[in-house]
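Before I ask anything, here is the structure I am working with.
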Amino acid sequence: MCLGIPGELVGYVEEQADLGVVDVAGVRRRINIGLLVNEDLRLGDWVLVHVGFALSKISESEARAVLDYLEGLGQAYDDELDALRGSDIS
Amino acid sequence: MKFVDEYRDAGRVRALADEIAALCDPGRRYTFMEVCGGHTHTIYKHGLEDLLPENVTLVHGPGCPVCVIPMGRVDDAIHIARQPDVIMTSFGDMTRVPGGSGSFLDAKAAGADIRMVYSPLDALKIARANPDRRVVFMAIGFETTAPSTAMTVLRAAEEGIANFSVFCNHVLIIPGIRAILDSPDLRLDGFIGPGHVSAVIGCRPYAFIARDYGKPLVVAGFEPLDILQSIHMLLTQLAQGRTEVENQYARVVPWAGNPVAMEAIGRVMRLRPYFEWRGLGSIADSALGVADAYAAFDAERLFDLPGLRVADPKSCQCGEVLKGVLKPWECKVFGTACTPETPIGTCMVSSEGACAAYYTFGRFNREAIRA
Amino acid sequence: MSREQQVLDRIERARRRRPVVRDERITMAHGAGGKATRTLVEAVFVEAFGNPLLAPLGDGATLPAGAGDLAFTTDAFVVSPLFFPGGDIGDLAVNGTVNDLAMCGARPRYLSAGFILEEGFPVADLRRVTASMAAAASAAGVTIVTGDTKVVERGKADGCYVTTTGVGTVEHAFSAARPGDAVIVSGPIGEHGAAIMLARGDFGIEGDIASDTAPLHGLALALLEAVPGQVRALRDATRGGVATVLNELAGTAGLSITVEEDTLPVRPPVTGVCELLGLDPLYVACEGRFVAVVAGEHAERAVETLRGHALGAQAAVIGRVEEGNPGMVLLRTGFGGTRVVDVLVGDPLPRIC
Amino acid sequence: MSREQQVLDRIERARRRRPVVRDERITMAHGAGGKATRTLVEAVFVEAFGNPLLAPLGDGATLPAGAGDLAFTTDAFVVSPLFFPGGDIGDLAVNGTVNDLAMCGARPRYLSAGFILEEGFPVADLRRVTASMAAAASAAGVTIVTGDTKVVERGKADGCYVTTTGVGTVEHAFSAARPGDAVIVSGPIGEHGAAIMLARGDFGIEGDIASDTAPLHGLALALLEAVPGQVRALRDATRGGVATVLNELAGTAGLSITVEEDTLPVRPPVTGVCELLGLDPLYVACEGRFVAVVAGEHAERAVETLRGHALGAQAAVIGRVEEGNPGMVLLRTGFGGTRVVDVLVGDPLPRIC
Amino acid sequence: MKFVDEYRDAGRVRALADEIAALCDPGRRYTFMEVCGGHTHTIYKHGLEDLLPENVTLVHGPGCPVCVIPMGRVDDAIHIARQPDVIMTSFGDMTRVPGGSGSFLDAKAAGADIRMVYSPLDALKIARANPDRRVVFMAIGFETTAPSTAMTVLRAAEEGIANFSVFCNHVLIIPGIRAILDSPDLRLDGFIGPGHVSAVIGCRPYAFIARDYGKPLVVAGFEPLDILQSIHMLLTQLAQGRTEVENQYARVVPWAGNPVAMEAIGRVMRLRPYFEWRGLGSIADSALGVADAYAAFDAERLFDLPGLRVADPKSCQCGEVLKGVLKPWECKVFGTACTPETPIGTCMVSSEGACAAYYTFGRFNREAIRA
Amino acid sequence: MCLGIPGELVGYVEEQADLGVVDVAGVRRRINIGLLVNEDLRLGDWVLVHVGFALSKISESEARAVLDYLEGLGQAYDDELDALRGSDIS
């Protein structure tokens, strides 16, 4: 449930302290960042956007950890990558 | 898109699928429930079942906020929307949800002023722009969405916007899961835990599932890689004889959730002693209403609601589908009388509903494709 | 000549001058069929569209059509807002009908235009619309030869609705689709629909997206001539998007179409809008893209031809016609998952779940 | 076959059945281009208009038009109320375009229909409209071969607007009017406009007046064949009434037309309405009458021919084309007074002075 | 139609025209003013001037209620109509009358809710049907129409319809005629008196014209025969050296008028000390306002009106046309800048206005026709 | 000024004493007859209708008097009638 989508904080709204501007693949929207008051948000941070609110600050290191998970599993990953490089699926 | 595309990477997804296959005990069946409709949607949209071994079955849980709305609540909302001075607002998801006599779409065609918004803050903006109208926001959703509603009410109170109110239908995920666990007719091996709810409530509330019911749960993200990894983590726990709460989605979900969000909910909302879930019946302490301190923003107190309990259509088996007891296609009306154009049950409406997801994305001859 | 007669003569001279619209807004009088209607027609429509076939302003136009089959199509345009990045209701109304003719394998020739104007609509806006229509018609080589105007009371329209109907001469016939045929899309998808959503401002999203509205007959005729007899079907992907068109094509063929997700051309900001609102670009309208079904072995030449054209620079094979699952459209993800791509249910609305 | 597969097969069978519209009202979904749109098109429009040219439901229809010139005309219909004594917007929309083709000397052949529906419009009313259109098309021998439907939000239309466009094959050419030509009206005037005013109920007048809406191509072709080469012009007297048509004819000819007041056929109740509201029947719309300019020496035969036809039973010579006062229409009263009959200014509105 | 067709009978009309010709002294010019715009309309519509000898000239008087409305009153009405809760109603005649910044038609296009009615009672009906709107009836007209307005106000008062009011612009014919008689630049031989006004006020009020100014006046009906007969009666008086008030229209006009109607006017309305007539300037005791007893129905008291005096356009010569000093075509802008589509003056708007009647009906080459 | 049109009183409106139904060339409208309370109106009487009110009861004898006016003038009338009968203007 609950569509959430990562966006980059690219600006603030002058008049309203709890509003930030978030960029998603090049389009921008004002987003309420009031739920992340404790997060020390900075421009360039990524947040998870849900119904116009930033719900969570996205952790870059944890994000990388998921991608690294496979590597921890050993051989299967490399095999598959090799197979892919050899084929032409485009 | 960053944080999206890398989790759809073909090489990684296939590699992980191979790892899952390798990890499965061929002599055993695995049944996991993805609690969250968002996961159901991802699974069907990306055809993830095609990547899983035959002996891994995913069943779809109750975590679709639209699916669990009982018909009577839709009727109440339409009753409010019909007042000539009311502008009813809600998310696009609500448009086609059937009440006892039609949906928002029908009520709109019959003359009610109903508008779809992207955010509850947009509903508040409509209230500001229409001081001579009463603007009601029909709030739906689990703990993910409740903070937004709460923040919006706080903002309305701060600004003194007197013509705004909320028709609150927020539900809580833990009582929902407990109802599943207590249902006698389902055997599960583990849970794929809801990612975005957990961004608010954190991972601790799931502890009882591992502790009391002996089932593993992995809080999961919403991209293909996230879900496969969570399944891999569940299989690993089972292989290692562990039953723990794990967090695959740590990039978004802090273990402790979002305390600011929880506090906002706590200020603006109160726990309802009971609430009806469509197909599941009344569940104690399973939903939120507007707190007394914000009674002025509570549509339930401002409007005289019929509040009727409307029995689900006889043919409807949404309850069984929500509990994961029936596969969507096992419902007798699936795909014939009940389709996304003419839904009988709510599971056929929301794109997170198991029936809608299966009908819209999954309805094809798998054997022919595989051949 | 008497003084009175001199005055009468002066009046008749004044009456014979091309009339000028002095009103700033459309009033009910412009729809009453009398002088104001005539003034509007002559000062705005004839001024913008003027050509010898239209000039008589009779009950209809007489077309020197020549021999051969004709293509005939109509579309009502009710877009809001009327003006948006990349175009307006005027070029949309011309291009839309030009495109439907092109999709019939026809060379677009003549257009009619029926206007329903709301009382109070600014005449300046109407002039912008007709100027766009004139420019679009000229770009597409079609002539607007007849028309009609009605005015409805305030609150009974939304500024301006335009219904265009087109006549074209059929130059190409299509053959039935078969398994193995390639499915080609002529460019990035969903741009018109996304541009309109942003222009409406309802969802507070800002971004650099322009409508893709364009006349496709040149591109279509280029394709039809490059691989003669090898094009099975052409369909512009408007309301309902590419997904809807694919379903229509699969249904007509009684075969299935399988789309390769990775090959779908979608520009990042369109993806961004769709992700924010929970929409699928496959269902978002285009106004300058078509889907072509081409014999498999000619697909490469077809795509090359399209790419040689400014409007087809990003054309791509996105899938194949296949046996089995008749009438269905399937989508294969990069990692091998398959799902149905069904026809849209209801409007594409932003969703939270 | 697996149980799941059996269910899937059952579903596909259900999907292939002709869809049924279950909704009682038009919703926004019917305009979104997805399943509801398709259902509406198939269950209402195809059901009513069904014919082989329409059946493919493609981007447009392909017409086997043959050789020769074509007549091409369009009209938007926005009448209120939609249903009125003598007809409804459906037969009006078909007859109106059929008539404009007939006025071009053409045999009406093909029609397109573009619908703009207001959210909330009763589907039952839409069925009444399409049934009327089908009946009118069949009576006129034309085929509705292509169409389009848009749905706009409540409050942005008035139930249902229909734009029809027609294609006909030109069978007769007209010669320029000259002094001495007779001006003929095919029947009593002002009945449609008067019927609509009464049906609207705004003025509290009651009476037995029905719209004269009718297809005029039979009458027109009969006339054109009875006095071949002798008809200078045909014009149906719709919005703006006979006065407006006469002014158009005089303007085109660069001559004047003098009408004999006593010869104008007006039925008493139309006179009654006009007297009560201070209107002139010359400006009140007809939807089943035309004005013909015929060489003077063939006027008698022309009127005879028209009178032999049910729709022309009260046809009459009402005036002559004359030299002098170019572009003007004059009216001569029974006792020899003369006045100008100018083009209508603004809507015909009830007046007190 | 009974009471209509017989007065248009070709034989009678031509015979009477011959009688008129026979009665005229060829060595003399006769100038008669038809006071009433209805007569102007009939004269042009039926081409009656064609039937009169060359030495009989008809000049058009001030009796067109639309023509005499000053621009400032139109502006005031539009000001009222622009209030969001107002529905402005009036007769179709008002639609195109230009104020200082546009007409009702323009104001309607710009968003004002303005509706045309057949009767003031229909405006009252609109008020009944729209209790949450203020419905204003812009009353125009001479004594003919004033009783209907008065009766409507009485009915509104009786029913207690609080959201109805009248923007009263009724004018009186006698002060209008007196203004003409007092104007130095006009030589008249007699008056064709207004028929329908006289149905209300009777024939006695005209006595001063014969007595003090030595001019004959014949109250006339509106069909061709009526007007010709009235001219014949005027010529006869002149031939016999009489100057009397006569009543050609006795089938409709009782000598004493309609006392019930006069009483209704007397109850509901009050005489204004002065009122501006377009082109003629302020005329004392020449118009009616709503009486104090019915102040609750008086839009002038309910709305805060700008009440500006708007100067007529420089080029406008309506005053001279209204006084009969100029023929319509003698106005410098007639037919070029001032046409019924783009009227500069009010006389070009109403179908009773001399300029509109001449432009619409009379604008052709008479010599060519006669030849 | 003031369009007035003759109509025949053909009915009353039950609920409202001051309303009558008037027929004009076959079409009917409700008309307020309150201004003619003193006129002893009967069905079949003709009235002059103005903006929805009956303003005056039409006198049949006075109506005839106008038509008779010409006859009082002598010969011209008869001559014209004869001329008309001899010509064909239809």
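Letters are used for the chains, namely A, B, C, D, E and F, taken in the order the chains are written, and counting of residues starts over at 1 for each.
Heads up, the rule we're going with is that a contact is a pair of C-beta atoms (placed from the backbone, for glycine too) under 8 Å apart; a residue touches a chain by one contact, two chains touch by 3 or more.
The model shown is predicted, which means the values in this text are computed figures rather than measured ones.
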Which chains does subunit D share as contact partners with subunit F? E
Based on mean C-alpha positions, I'd like to know which chain lies farthest from subunit A. F
By number of C-beta pairs in contact, which two chains lead? C-D
Please tell me the distance, in whole Å, between the geometric centres of subunit A and subunit B computed from their C-alpha atoms. 22
Please tell me the distance, in whole Å, between the geometric centres of subunit C and subunit D computed from their C-alpha atoms. 27
Centre distance in Å when subunit B and subunit C are each reduced to the mean of their C-alpha atoms: 39
Whole-Å gap separating subunit B and subunit D, where each centre is the average of the chain's CA atoms: 54
Subunit B touches at least 2 other chains through residues 1, 4, 10, 14, 37-38, 64-65, 91, 96, 105, 118-119, 122, 141, 145, 340-341, 352, 363-365
Residues of subunit D that touch at least two other chains are 28-29, 35-36, 203-204, 262, 268, 271-272, 275-276, 278, 334, 345-347, 351-353
Using the touch definition from the top, which residues of subunit F touch two or more other chains? 1-3, 5, 24-25, 50-52, 89
Please give all chain pairs that are in touch with each other. A-B, A-C, B-C, B-D, C-D, C-E, D-E, D-F, E-F
Applying the document's contact rule, which stretches of subunit E touch subunit D when the two form their complex? 1, 4, 8, 10, 13-14, 17, 37-38, 41, 44-51, 64-66, 91-93, 95-96, 105, 116, 118-119, 122, 140-141, 145, 224, 340-341, 350-352, 359-366, 368-369
The subunit C residues in contact with subunit B across the complex are 202-204, 262, 268, 271-272, 275-278, 324-325, 328, 330-340, 342, 345-347, 349-353
In the complex, subunit F touches subunit D at residues 1-3, 5, 7, 23-30, 49-52, 89-90
What residues of subunit E sit close enough to touch subunit F in their complex? 1-4, 6-7, 10-12, 14-16, 18-19, 22, 36-38, 63-65, 91, 118-122, 141-142, 144-145, 147-148, 151, 194-197, 199-200, 221-222, 225-226, 229, 248, 250-254, 258-261, 264, 352
Subunit B contacts subunit D in the complex at 96, 105-106, 108-111, 327, 329-330, 334-336, 340-342, 363-365, 367
